[in-house]
Every structure is written in structure tokens, then in C-alpha cells.
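Below are two complexes that have chain A in common, paired first with chain B and then with chain C.
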Partner chain A sequence: MSRILHLLWLSIWRSSLQWWSRRSFLITIVIGRAVTPLLGLIVWSAALPGDSAVATYYVVLLAVQLMTVSFEHHTLSNGIYAGNLGGELLAPKPVVIGYLGENLALRLWHLVFGMPLIVLAAALVGISVEWPAVAMAIPAILVAAALRFVFTYALALSALWTERAHGVVGFGETLIFLLGGTAAPLGILSEPLRSIGQALPFWSMLGMPAEVAAGTLHGSAIVAAYFVQLGWLAAGTALVVGVWRVGVRRFTALGG
Partner chain B sequence: MLRLLRLFGALFSMSLRRQLAFRADLVFELLLTVVALVSSVAALGMVYSRTSTLGGWHAGQAVALLGTFQIVSGLRAAFVEPNIQWLDEQVRDGRFDPMLVQPAPTIFLASLSSCSPLALAEVILGFGVVFVGVRQSAETPSVMAIVIWLVLLLAATAIMWASRVLVAAVVFWALALTLDVVYDSIWQFARYPVDVYRRPLRLAMTYVLPIAVLSSIPASTLVRNANALAIPVVGGIAVAACVLAQQVWRLGLRRYTSATS
Partner chain C sequence: MTTLVSVHGLEMTYRAPVRPEGLRAAFRALVHREYRHIAAVADMSFDIAAGEVVGFLGPNGAGKTTTLKILSGILHPTSGDVRVLGFLPSRRRHEFLTQIALVRGSQPIGLPTELTVLDSFRYQQLLYGVRAADYQASIAELTEMLELQPLLDRQVRALSLGERMRAGLALALLYRPRVLFLDEPTLGLDVTAAIALRRFVAAYAARTGATVLLTSHYMADVQSLCRRVVLIDHGRLRYDGGLDALAADLAPYKLLRIALADPVPVSWEDFGTVEESDGGSVTLRVRRDDAAAVTGRLLTQLPVVDLSVTDPPLETVLDRFYRAEAK
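And now, the complex of A and B:
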């Protein structure tokens, strides 16, 4: 276990340095990832003027979005298309370590470069967060980050079957946008939309931690949301293991 | 000009035949386009489930605006992006060189030489969304309003092309700087009426960045108040943007010294 953790740490460190050397491009990606929560903030602030809860939710959502970004369609899928997977299968370490390390490094840089945006948005709309709520949201953010990685990783593995892996992941991201709490905070939607949205995995990846941190979710609702989140993480992990096992059997390395 | 149009037609035909050869991809792309559009309309529906107006725009008007945005976005995805998104890589690795010796303007070859006809599905669906939006609106647009909207749509397309070329041309001065993602991000602001944004942002999107002319102004003439004065104003902006893009492109080409020796 300590060897795996050491390898993961080395992967994070190496990817962090690699991405630091491409920081101007990285900043543009951060802007790209920040734009949908910011648009949500602007549109919903115009739709419900004076509703500080919605403004707070979207600023927190921006932070959660930057801490949970996943680019496995670029790292894993493109690696499969380029024929890199063959070499990785021979290396004496689990293939996922490298991609997980890069994912964590990217999230770290997203948070660092996105922090001015978060602070600026918070200052402009005047958010009010309660620190106990933020503390309660930290485990939810960690599980959401894991769940989003597992979800994107599973979709990115479609590169073993099709050349449209980017489209498959794009489809998944559309679902996260629509049902995950970016298009609208699920808490303000009417029933049964709200309950259906909260039971699906997309809200657990993004909107749920934001609602906990913003203080719009209380008591037993938080406990129930945690159970749903952990359930989806277990299901997602089982799915990704299954997809990997089936996919790697049909993988025929590219190149000669 | 006629020669360029013929060349454009031939290249479009070639691209269309290439895409139709992969039918599973065709179905998948169409499915993705429909899902993305349904998602955009649903997101707008969620907003209007809690309010009757957004920046003074009613639901039907905002749907018509979204459709207008989809049309221009579809034209961008079909004709401009399949070429211009590779410009920075082509300049970096020297693949840009062959374009300079071909018997057609380089700006044309770099920005319009191949296309993705499947993306035109977004344009067709966009017209459908505009139709739905107009049906939902209280007032039926006059024939004149529809004509003005179509002219403004053309002008918006020209502005889209010029602004995209301007952003891509940055590569001639800063090889490592890729602004595609930033352009995409700013582009998303045209999904909603420009009146939604607060004053400094709204002014910037009207007078500095061409966001308002991409969707808000054309849609406004169709479903709010048809104003023929918009034609010379937006048309003038379109002509100025195209001239600026060509001048900047020429200046960029003068700086270009090839990636190879």
C-alpha cells in the first residue's frame, strides 16, 4: 500500500511540474471550466434578485467544480488512441496510478489558478458561508472528486471500443451540467424533479457538496445525501473495474 | 470571389462525402447535437420556471435568442472550427508552410478550407428552436422583421469568423499562447440576453466584445422590436471586423518565419 501511495505521490509531483511548464494553457482551461458556474451565478442572480442563497451556492459550486475537474478523455482516451496503453500495461504498477496522479495535479492547479476567480466572485456578490457547513462539506467534496474521476474514467475507457470517446465523455458532462446542479440548484426545483435529480449520480458529483457548504441542506437530508453519494461511488468503482477488465481483454496495442 | 465560392463548394462536397462514409459516427454526432440542444432548452426552462422575465426577455423571446445562438454556433462548428482550431499546431510544427504556396488566399485556406457538414444539424435544429420561440412569443414577427433578422444573422456569422481569425492570429506573435478555450468561454455568454449582465459587463459585451451582435441584437429584432437601423450598425461592425481580421492576418504572416529551417 505504501508503495502505491509513493508511486501516486511521484505521479502527482511529475504531472504538477509538467503542467506548471504549460501554465498559460492551464489558465485558459481553468477559465473554460469556470465559465458555466459563473454563467449560472449571473443568470440566476438576474432571475432571483436579492436571493443570497443562490449566489452563495454558485460561488461554492465554482470552487467544487474546480476541485473535481476530470480530463480522462484527454489523458486516458488520447493515450489509448496514441498507443501508449501497451507500454503502461507492461510497467510494474497499476495503470490507473498515472492517470489518477495527473488528475490530482490538474485539480490542484485548477484550485490555485481559480482561487482569484472564486474570491472575486465571492466579493462581488457578497456571499455568506458558515464554517461548520463548509467543514461538513469537505468529506462530500472528496467523495464527489472520487466519483467524478471514476465516472469520467469509465466513460473515457470507451476509447477501447470507439474513436468517439470525447463525444461519450461530452455526453456525460452534459448530464452533469443539466442534472448535477449547474443548470439550476436542485434545491429550488419543484418535485418530482428535485427528488429524481438528487437520486441520480450527477448531483453527488457537483451540486451536493455545494449545497452542503452553502448551508442549503440540513440534518437528515445531509446524511441521506452522503449515503446516496457513497452508494454511487461503490457502484461507479465496480463499473469501472468491470469495464476495464472487459476492455483490456479486447485491447490490441497500436503500432508495430 | 466566384472562384473562392466554387472552391468552397468543392471542399464542402468532399467533406460531406467523407463524413457520410461513417454512418455510425453520423448517428452518434446527431444524437449528441440533439442532447446538447435539449439540455440548453431545459436549462432555460428551469430558469423560467422561477421567473417570468430574464433581463426583460420573456420565455419565448429567450428561446428564440437561444435558437439564434445555436445557428451561429452551428455555422462556426461546421465551417470555421474544423480549420482554425489546428492553426496554432500547424504554425508550431511547420505544417502551415504548404498553405502559403497554394493558389488561394491563405486566410481562406486556414479558416474555411475544410468543414464538418454534420454540425449543420445544429443550424437546422437552431432554426427549429427559433420557430418554437417565436410561436411562444406574444407577437408574430412581420416579414420585414424576419428579413432584418436574416441579414443580422449573416452579419453575426461574418463577425464570428473575423473574431475567431483574430484570436487565432495571436499565434503569429505568441507561439505558446492558445486562446481557443478562452474564446469558447466568452462565446458561451451569448446564450443569454445581454441585458442579464450587470452594467460594466454588459457594456463590454456590447462595445468591446461582439457578444451582443451574435445573438441578442438579431433575436431582439425578431421577437421584440424590429429596428432596420440595426442593419447598418451591425453590418458596419461586420465589415470593420472582417477588414481588421484581414489586416491583422497580413501583419501576422509578415512575422511568420516557418517552424523549419
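And now, the complex of A and C:
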């Protein structure tokens, strides 16, 4: 286990260095990822003037978005297309370690480069967060980050079947935008849309931790949300393991 | 001698979708796909003993890289029994992976290019669990043999192709693999770099007793490293034996190069088939069995000042063989 953790740490370090050398590009993708929460902030602040909860929610959502970004279509899918998977399979380590390390490195840089945006947005709209709520949201952010990685990784593995993996992952990103709480906070939707949205995995990846941190989710609703989130993480992990096994079987039967 | 690589009845068949031309066929293919089975490797068998350096030859698409991928564990064969170091490669067990290396000339280093060569070595040390003492010894040895000292603190992205290949080879050998698969290791290298690489592989194999299976389109690689060659074509094994005997087996003729003292009219067709004539000298193709007799006749009948008898170049022999097979 310590060897795996050490390899993961080295992978984060290597990827961080690699991405630092592409920092100009990195800043553009950070801005790209920040656009939709900021748009939501502008639109819903205009629609519900004086509602500080909505403003707080979107600023926290921006932070959650930057901490949970996943680019496995660029790292994993492009690696498969470039013919790197064969070499990865021959390294005496789980293939996922390298991609997980790169994912974590990217999130780290997103947070670093995105921090000025978060601070600026928070100062401009005047958010009010309660630190107990933020503390309660930390596990949710970690599970959301894991869930989003698992979800994107599974979609990115479609590169083993098709050359359109970017489209597949892009469709998944669209679902996260529409149903995850960016297009509209699920809390302000009417029933049954709200319940349906909260039961789907997309809210667990983005909106749920933001709602917990913003203090718009309370008591038993938080517990229920955690159960849903952990359930989807278990299901997503099982799915990605299954897709990986079938995909690698196909890859090793057809060639790289 | 212990057999380290054992291949028996190896088959690898791909299923490729096919359809006739035209829009109607394209629509029909949406609901009813048809496939053709393509045999990349068919009924191949050979064994390689510990310490052997074997050349794996064949034209493009012959199945060389496919076979190497099967032997290293990237591909799962359709059928047949393959064992490397006693392991089934396709299972990719940790103990197996830490004893083999696949080096591809097309992808010498698959690591982040921002890291220095020494960073990459450190990562490889941890990845393969190389003990500190062995790591230091390997680094010292590989640095000396591959002249890596000026490269150690440089970023991988700043290396030339030849330097990348040297660094990639050193990375692959850091954990001292017992079986080394080299797929076109001199691809794209200049003459000097290619010679250095060949010299290194030969020295490494001699020093460590590693088993090496090498594919290359450059006959110089094969001639300088391999005493045994395995020749495949269309996925089938065509020859397995000594490199010396390959030319005799595939080309039943020798080349006689003759230079005369004075330019006299000669009916060369009486001696053999003219391969080349450049005024001062003539190259004749003569049946292997007749070479001695023809040489005697040339020396007695003509004012010969220089004469050499050689096997045809391996490239020529293989070219003729491939073209004959294609027909």
C-alpha cells in the first residue's frame, strides 16, 4: 500500500511539473471551467436579486467545480489514441495510478490559478459562509471529486471502442452542467424535478457539496445526500472496473 | 540450456469489418456487419534459450511487432501456448513484468518529458523496486556504457532522438530485465548512434546473460548482434536458424566480383549472370555449387587482377525472398 501511495505521490509530482510547463494553456482551461458557475452566478443573481444564498451557492460551486475537474478524455483517451496503453499495461503498477495522479495535479493547479477568481467573486457578491457547514462539506467534496473522476474515467475508456471519446465525455459534462446544479440550483426547482435531480449522480458530483457548504442543505437532508453520493460512488467504481476489464480484454485481443 | 521463451502453435487472428462500396452497402452494414478474419500470426513455434540474441525478421506486416506484443503481454493470442520465463505473458503478473522489457524505437521513452533523465531513473527505481545499492551500480554501469553523464540532468523533451533512445534503453535496463524485446531500436538513428546502440546491446547481453529478441529492418543491426534469426512472412515462420546459413538457404548463388588487368572482350554469360558492370569490374551471379569451378575457369582463362567470392547482401536475399513470397 505504501508503494502505491508513493507511486501516486510521484505521479502527482511529475504531472504537476508537466502541467506547470503548460501554465498558459492551464490558465485558459481554468477560465473555461469557471465560466459556467460564474454565468450561473450572474444569471441567478439577476433573477433573484437580494438572495444571498444563491450568490453564496454559486461562489462555492465555483470552488467545488475547480476542485473536482476531470480531464480523462485528454489524458486517458488521448493516451489510448497515441498508443501509450500498451506501455502502461507493461508497467508493474495499476494503470489508473498515473491518471489519478495527473487528475489530482490538474485539480491542484485549477485551485491555485482559480483562487483569485473565487476570492474576487466572493468579494464582489458578498457571500456569507458558516464554517461548520464548510467543514461538513469537506467529505462531500472528496466523495464528489472521486465520483467525478470515476464517471469521467469510465466515459474516457470509450476510447477503446470509438475515436469519439471526447464527444462521449463532452456529453457527460453537459449532463453535469444541466443536472448537477450549475444551470440551476436544484434547491430552487419544484418537485418532482428536485427529487429526481438529487437522486441522479450529477448533483452528487457538484451541486450537493456546494449546497452543504453554502448551508442550504440541513439535517437529515445532508445524511440522505451523503447516502446517495456514496451509493453512486460504489456503483460508479463497479462500473469503471467492469468497463476497464471489458475494454482491456478487447484491447489485448485487437492490438494497440 | 534453459528455455526462457517458448512459443508453440501461436495464432493471432483479428476480426476486421468489411463492406462493399456504395451508400446502400453502408446502410446495410449498420444493421448487418460483416467481418473478415485476418491472421496476423499463424501456427508459429520457436524456442529461445537463456542468453541467446535472436533477430526477428520479416517485411512490414509480417507479424513481428504482433508477436513481440504477445510475448511481452500486451496482446492476448487467439490460440497457442506462449511462455516467457515460465509465465503466461497475457496475465501480466508483477513478477513477470519486473523481469522483461519492451523497447520500441518508435516510442523510446513513455514518461513525462518535463522531467530530467535522472528524475525518470528515480521513478523507475521505485516502480521496479530496485534496491539502492543495485540502483547505484546500474546507474554507474549504464551511464558509462551509454555515455549518459551529460544527459542525466537534462529534461527529456530537450533530448535528440538518439539521446532519447539511449536514455530509454537505460530506463528499460535499470532493473536488469532477464528478457529484452527490442522493436526497431535503431529506427531513425544516424549511423554513429546506431553503431553505438548495437555495441551497447551486444555488450549488455554478453555481460548480463540477458535474452534478447530483436526486430529490425536494418540488416546491420541483425548482422552485428544475432547469430540466430527467425524469419517470418504473412504471420508464418519461414526460417529459424543461423544467420550464416540464411543466405545459403534462401539464395542458392554467390557473387563473384572480377577486375581484369586489361580491358579484353569477354563473353561473361559463359561464366554466369551479370549482376553489375562498371567498366573496370564485373559482378557475376553464379550457382553456389558452381562457384568454385567458375572461379577456376576465370583465373585460368582471363587476366584477373582481383577476384572476390561473397554471399549476396542480406538485404538483397530478403528482398528477393519477400517478393517471391508475395507472388
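Assume the second predicted complex is superposed on the first by the 251 of 256 C-alpha atoms of A that agree within 3 Å, B and C clash if a C-alpha of one lies under 4 Å from a C-alpha of the other, contacts with A are read in each partner's own complex, and residues count from 1 in each chain.
As a working rule, a residue touches a chain if its C-beta (ideal position, glycine included) is under 8 Å from a C-beta of that chain, and two chains touch if they have at least 3 such contacts.
In this text the structure is predicted, and so the values were computed from the model without any measurement.
Q: Looking at the overlay on chain A, is there a clash between chain B and chain C, or do the two fit?
A: Partners fit side by side after overlay.
Q: Now for A:L120: first (chain B), second (chain C), both, or neither, which partner does it touch?
A: neither
Q: Looking at A:A224 after the superposition, I want to know if it touches chain B, chain C, both of them or none. Which is it: first, second, both, neither?
A: neither
Q: Mind working out whether A:G32 is in touch with chain B, chain C, both or neither, as first, second, both or neither?
A: In the superposed model, A:G32 contacts chain B only, not chain C.
Q: Contacts for A:S15 in the overlay, against chain B (first) and chain C (second): which applies, first, second, both or neither?
A: It touches chain C, and chain B stays clear.
Q: Taking C-alpha centres, what angle do chain B and chain C open up at chain A, rounded to the nearest 10 degrees?
A: Superposed on A, the angle at chain A reads 90 degrees.
Q: Could you say whether A:N84 touches chain B, chain C, both of them, or neither, answering first, second, both or neither?
A: After superposition on chain A, A:N84 lies in contact with chain C alone.
Q: Could you tell me if A:L142 is touching chain B, chain C, both of them or neither one (first, second, both, neither)?
A: Neither partner.
Q: After superposing the two complexes on chain A, what is the shortest C-alpha distance between chain B and chain C, in Å?
A: For chain B and chain C in the superposition, the minimum C-alpha gap reads 8 Å.
Q: Where on chain A do the contacts from chain B and from chain C line up?
A: Common to the two interfaces on chain A: nothing.
Q: For chain C, which residues are in contact with chain A within the complex?
A: That would be residues 14-15, 40, 66, 69, 72-76, 78, 90, 92, 94, 97-98, 100, 102, 104, 107, 110-115, 119, 123, 126-129 of chain C.
Q: Note which residues of chain B are touching chain A in the complex, please.
A: Interface residues on chain B, with respect to chain A: 25, 28-29, 32, 35-36, 39, 42-43, 46-47, 49-51, 54-55, 176-182, 184-185, 188-189, 191-192, 196-198, 201.
Q: What does chain A use to touch chain B in their complex?
A: 24-25, 28-29, 31-32, 34-36, 39, 42-44, 46-48, 163-164, 167, 170-171, 174, 177-178, 183-184, 188-190
Q: Mind pulling up the chain A residues that touch chain C in the complex?
A: Those in contact with chain C are residues 3, 6-7, 10, 14-15, 17-18, 20-21, 83-84, 86-93, 249, 252-256.
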